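To start, I am sharing the structure in question, which I have written as structure tokens.
Letters are used for the chains, namely A, B, C, D and E, taken in the order the chains are written, and counting of residues starts over at 1 for each.
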Amino acid sequence: MSISALRPEATTDNPAYLSVNNIEVIYDHVILVLKGISLQVPQGKIVALLGANGAGKSTTLKAISTLLKNERGDITKGDIHFRGERVDQLTPNELVKRGLSQVMEGRHCFAHLSVEENLLTGAYTRHLSRSELKAELDKVYHYFPRLRERRQSLAGYTSGGEQQMCAIGRALMARPSMILLDEPSMGIAPQLVEEIFEIVKNLNQQEQVSFLLAEQNTNIALRYADFGYILENGRVVMEGEAQDLASNEDVKEFYLGVSGAGRKSFRELKFYRRRKRWLA
Amino acid sequence: MNHSRQTGDVILDLQGISLAFGGVKALTNISFNVREHEIRAIIGPNGAGKSSMLNVINGVYRPQQGQITYRGQVRKDMNTYAAARSGIARTFQNIALFKGMSVLDNIMTGRNLKMRSNFLLQALYWGPAQKEEIAHRHKVEQIIDFLEIQHIRKTPVGRLSYGLQKRVELGRALAAEPEILLLDEPMAGMNVEEKQDMSRFILDVNDQFGTTIVLIEHDMGVVMDISDRVVVLDYGKKIGDGTPAEVLANQEVINAYLGVAH
Amino acid sequence: DEQFIPVLSYRVGPYAAGGSGFFGGAIDYFNLINAKGGLNGVKISWEECETEYNASRGVECYERLKKSQGGASLVEPLSTGIAYGILDRVADDKIPMTTLGYGRSDAANGKVFPYIFPLITSYWNQAAAMTKYLGDKAGGLDKLKGKKIVHLYHDSAFGKEPIPVLEAQAKQYGFELIKIPVAHPGNEQQSQWLQIRQANPDFVILWGWGVMNAVAIKTAQRNGYSREKMLGVWWAGSEEDAVPAGDAAKGYTSMTFNTPGNYPVLDEIRSKVYAAGKGNLSDKARIGSVYHMRGVTAAILWTEAILKAQEKFGKGKTMSAEQIRWGFENLNVDEARQKALGALNMFPPVKTSCEDHEGSGAVKVQQWTGDQWKAITPNWITGDKALTRAMLEESSNKYAAEKKITPACLK
Amino acid sequence: MFYREAGQFKTSYQSDSQIFPLRQDRIGIAILLLIALIAVPWLASDYAFSAIFIPFLIFSLAALGLNILTGYAGQLSLGTAAFMAVGAFASYNFILRLPGIPVLLAFVLGGICAALVGIAFGLPSLRIRGFYLAAATLATQFFVVWCLTKIQWFTNYSTSGVITAQEIVIAGYAFNTPLKKYLLTLLIVALLALLAKNMVRSNVGRSWMAVRDMDVAAEVIGFRLMRTKLLAFAVSSFYCGIAGALYAYAYLGTVEPEAYNLDLSFRILFMIIIGGVGSILGSFLGAAFIVLLPVVLNLLAHTLALPTHVASNLELMVFGALIIFFLIVEPHGLARLWQIAKEKLRLWPFPH
Amino acid sequence: MNFFFEVLIGGLLSGVMYALVALGFVLIYKASGVFNFAQGAMVFFAALTCVGLSEKFQLSMWLAIPLTMLVMVLLGLAIERVVLRPLVNQPEITLFMATIGLTFFIEGLAQLIWGSQPHKLTLPIEDVPIEYVMEHYNILVSQFDVIAALICALLVTALALLFSKTKIGRALRAVADDHQAALAVGIPLQQIWAIVWTVAGFVALVAGLLWGARNGVQFALTFVALKALPVLILGGFTSVPGAIVGGLIIGASEKLAEVYIGPLVGGGIEGWFPYVLALLFLLVRPEGLFGEKIIRRI
């Protein structure tokens, strides 16, 4: 495929903000999950990470944010640079201080803290006055009005979508310069999904925040992203400008669900697609 | 939509259900029913009370008001065990798998109500107990095949990716061969291809075993395509109920949930 | 030739202080003997094994060491739990076990327990002696009538052991016995002492162990109960029990089977062992402390038994455990012998027989002056031995019946 | 290269659900059993039997019992020794008061008594979870030992509260040497381990693990919490009860209630955590670790000829440090370490 | 009636002493969701170090105490670095077990350095009845206990403020909920743990000094942990004020039970009574009186 020529190369005038070079990740000393992944996120861009279940998207993100260590995963090869500095040996706290935040998959709110307290912990690394904190909170509440309504209740009791908003809002509170988003649209009502991506776009354009997002909603992800990488089985199998990917036939068929004749109804597919692919 | 399936009588009927947690009104006076063999979707914005609705149906939450009629039997509330016994199985929004157990064992737990041999026989693992175990294993392997998770059969589920866990959870619910299957966002975290498979799968279950399905899903495409009737919740109230087409045309629903983009 | 003695010691954990003192004393004496040329030329060898005062580790140590270096001559675990754990084993292995001042009182009956030697004195004789002493203090045993005595005890087999004796004597002499148990470990005794304060007894017997002792003394002070009226068992009568209680312990009395003080044998240990850098205690000041002296006493009795055996079975030879058992059964460490050993009056004269594996039953009372113990009874006291003997017979015969043993003396 | 599953295809679910699906494992365990049954009795000394093997087996059994409760059913308990005490003292009284009762039957009855006590004290677990439950199980520990000390009937009115285990005679054959006691213990432990393995790989076991991992979901699936938890308490206590009886009869001989103190409970807890929570094999590995390590350290300290008090304290420190070390290397215990080693072996000589 | 009040007051004051130990547990549980088995050993270690320093080098207590504090800080840092850091995000039971390993290590270390001899510890507070109360009401109240209670109250207030008013408090609770998420938002787990273990070390020192003055400084100080456990479950593992309230309830009721129920059943019930009592409380409130509710939403 020729699009690899379009790969966002790190050049001196456009240094890769985040660059992951050929990393290999092993869980539990035996389970090899990432088999050499390289990717670049240029400053101020949105990069999407796509791929089937179990492809290794979350693992990649956790490798970058160094949270992997605590799940008994190890980066055995390769390195990761963030703003020109090697970061794979830093602690998450140091990373957050350097401006890199992660929204983890699966919501991970602090169940025993109220929604508002959850958001406040997001600003832990920043030293804000009371009024500044309030302003930041208001901003998040403005994005997610639902959170304002539920601010006093314990996060553990809120609904799935509310928790997801809470997790995203919490990461925003750190005012990072780069955010790793793991499936932000999961469990979120469609209207809000659009809004979340609008927020992403806004932050990206107005505050130059870079994004690396793992997303299953390929459609919308490619609509908002600048670049995309497609992972399969721990390897990058395709990469390129978002528009190019979106117009690629294979991507269309497997990730966007549109084949030659346009989108098909879910009801009408009479066979299992993936099985077909394997057999082919 | 040329499917030949017939939906039957009302199997589950909820009347005037209200549920509040302290000050939070999760559900207010909700009534709707589910017919045999149908695919019934529940949609609504975040925090509308969809999951709470499922929790009421299978007895995790007790509604303060209202009554539930299941197969002609009227009750104030369900209890989880009784619900399971009477053929209601479900999946959860925040995955509730048994993290320390393998995929196979997790799905096997789904069959526990069908197991007859007592614990002494199981301790001996001999004769009827072993036969039974193997018979159930057959069923479970079919489900595993169906879900295409053969390769992770013996992996502890804690080590699986999110999407795979969702699949296992579905498998566990299916293993119970339920009459009603409650699915809470079964396709969250899946890409289109996977969603297509999953839809096919749900339809197949519905067709082949006649399982009634109650489905919560945020992907409108899926909901519109595969469900027979949709109920729409907003702020704990019912704002719409009808066929996908009817719901889609409902202005209130568009305002509250779908937005203009769709 | 060497005579091997396994040392089942405990130097960590809650009772480490006692363990290090006792086994330190014993090893110091071994070193002294060896420095002086051994037992008729037979040197003593030993090996230490840490039991942590824990029954199963103690059993492991015993099993490990019983066969090493030509076989164990004897054992002394200084722990009730371990002693029970190896009670049957020593009989099977034919290795004598001493239990100095603890363990089964009825083991003094050598017909039933041929291999067990609760030397010097047992709990029952101690209890009887306590009554005797309190009676003397009141001006005669008959003066105990109408008096109130509190038995404040560690709520375990240990603490309950003397109750039959005390109860029998309460009936006999007409005093009121109030039993107040303290739950293990006994680091809180306010409620017990409030009860005591309310009862206002004439004496309090403190049958305690470990931290319970210091706490009892302290709590007595805070409740205004006179320490002079407290009489501790000998496991409540060491520096380790009094020191932590600080000033509160001044005047407190306890039983002992050693007379506190200095003895030629201790001087010898200082000059021949410690001066040569072979001392076992890391703190020289502990030489002659209660536990250390108890260890030395034990070692004296062990070596005396070996010497006794040598007299019969061949001087200058290594004795077998069986022969040493005979030695233990025919001990006679009288005052003359004590004097020769440089330990006159350090412990009561001991003379054993098949019927009497205890060999004495005499004790003293000591008092804490604030920095050391002082004996306050010039002579050794013995209680009502007829009473304890009868109990001992009954109890040991019951054991024999349970175990299907026919009581008999070994030759 | 020798440890491969390659070429071993399962043609039936029956063969796939065997305890040891791999041929190498089956051969391994067979060899192990042969060693335990033939080579050990042949070669080992009395010391090894009565100070290492017997306590090792008994502790393994107790650990197995605790592992059923804590590892499989997720109910953290600090009252193991209490259940052991019940088993021991109940067996003692059965043999004492029903003359002629078969010893093995007495053990089983003792185990059943322990199971009943376990059920009684397991009732709170329906409401209480985690460390709260653990602290609450201490009530069992203290209460049971207190009862055994207070109520003299249990100790047959022995003045010192000590019981002397009767001789083990089965069908006229006396198990009175370390070797015989070892064989008896081995058989009992092997049998019970097999039963336990069967339980945990069938529906009961799954119900326990389900309750452990997520009790709400377990209930929704149709497991009854009360039944499942109480069954776990009962089975676990039964195992502990038998272990307690063996502790008195095959190991110590003469015991006081204090022998079953909190320390013992903790030791058994250490065993399962070190060995592997939720693993039958782990119970054995953990017991071996806790029984052997102090012995090894003691011998080591002895050969180094350190001053004794230094040696003893160092032993304790090294013991603690090793526990931490193993947890850091593998938080899921020795059993998991073993499994990883096997997985690596399977890949060997390739790294992945 | 006097006697009743004596028992009651004595019990309440003992309860405060228990609470002091329980506080150490609460701190660490709050910060990591871990039950710190080593707390008893830390109490012992702190007291022994303090006494050891003052005896060996003839230091006054006022010098020995800050020096010991320094040692406790080092200990806290070392524990974080060596034990906790590699065990982030591990199951609670693993961390619990690690603290057990720590217990052995600290016990061995303490005795290796300072020997196993018990020591006396004299604080300038005498343990005698307060005369005024004695004369006027004929009730025995120990002066030492009252002062200990004051110290404890001070400590509890300070800690309660620390937790409720600072952002550290919030961070602690976040860490206890979810290590990974806490790290992801940039909470410096290592720093926080180091701080908490140091504070726990400080609490251990205070407890060690007060208990040491009462019982002597000896290995058995580690057993005071057993007294603190029922307090902890009754008050709730996560609540600082809960420790105090739990302490008062446990202290008073255990003494009353021993005095009034004990004689009926043969006495010595103090060992298990508090546990049974706490258990009964738990049946009503499974997370203790003030503990955080256990959230089990699906």
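Rule of thumb we're sticking to: contacts are C-beta pairs under 8 Å (C-beta built on N, C-alpha and C of every residue); 3 or more make two chains touch, one makes a residue touch a chain.
As the structure is a prediction and not an experimental result, all values here were calculated from the model.
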item	value
Each chain counted as touching chain B and chain D at once	A, E
Required steps from chain B to chain E (each step between touching chains, minimum)	1
Fewest touching-chain hops separating chain A from chain C	2
Greatest separation from chain E - chain, by CA centre	B
Chain B and chain C, separation of their C-alpha mean positions in angstrom	73
Centre-of-Cα separation between chain B and chain A, whole angstrom	28
Length of the line joining the C-alpha centres of chain A and chain D, rounded to whole Å	47
Approximate Å spacing (C-alpha centroids) for the pair chain A, chain E	44
For chain A, residues that touch 2 or more chains besides their own	28, 157
Junction residues of chain D - those touching two or more other chains	142, 146, 149, 214, 216-217, 220, 309, 313, 315-316
Multi-chain contact sites of chain B, meaning residues that touch two or more partners	60, 92, 94, 96
Which pairs of chains touch, using the document's own definition	A-B, A-D, A-E, B-D, B-E, C-D, C-E, D-E
Chain B partner contacts - residues on chain A that touch it in the complex	27-28, 31, 50-55, 58, 105-107, 146, 149-150, 153, 157-165, 183, 186-194, 216-219, 254-257, 263, 265-267, 269-275
Chain B - residues contacting chain A, complex	1, 3, 21, 24, 44-48, 50-52, 93-95, 148, 159-164, 166-167, 185, 188-197, 199-201, 203, 218-222, 225-226, 257-259, 261-262
In the complex, chain A residues that touch chain D	26, 28-30, 32
Chain D-touching residues of chain C, taken from the complex the two chains share	9-12, 16, 20, 23, 47-50, 52, 54-57, 59-64, 66-67, 80-81, 84-85, 87-89, 104-106, 155-157, 160-161, 164, 183-184, 280, 282, 391, 395, 398-399, 402-404
Chain A residues within the chain E interface of the complex	65, 67, 69-71, 91-93, 95-97, 101-104, 108-113, 117-118, 120-122, 124-125, 154, 156-157, 167, 170-171, 173-174
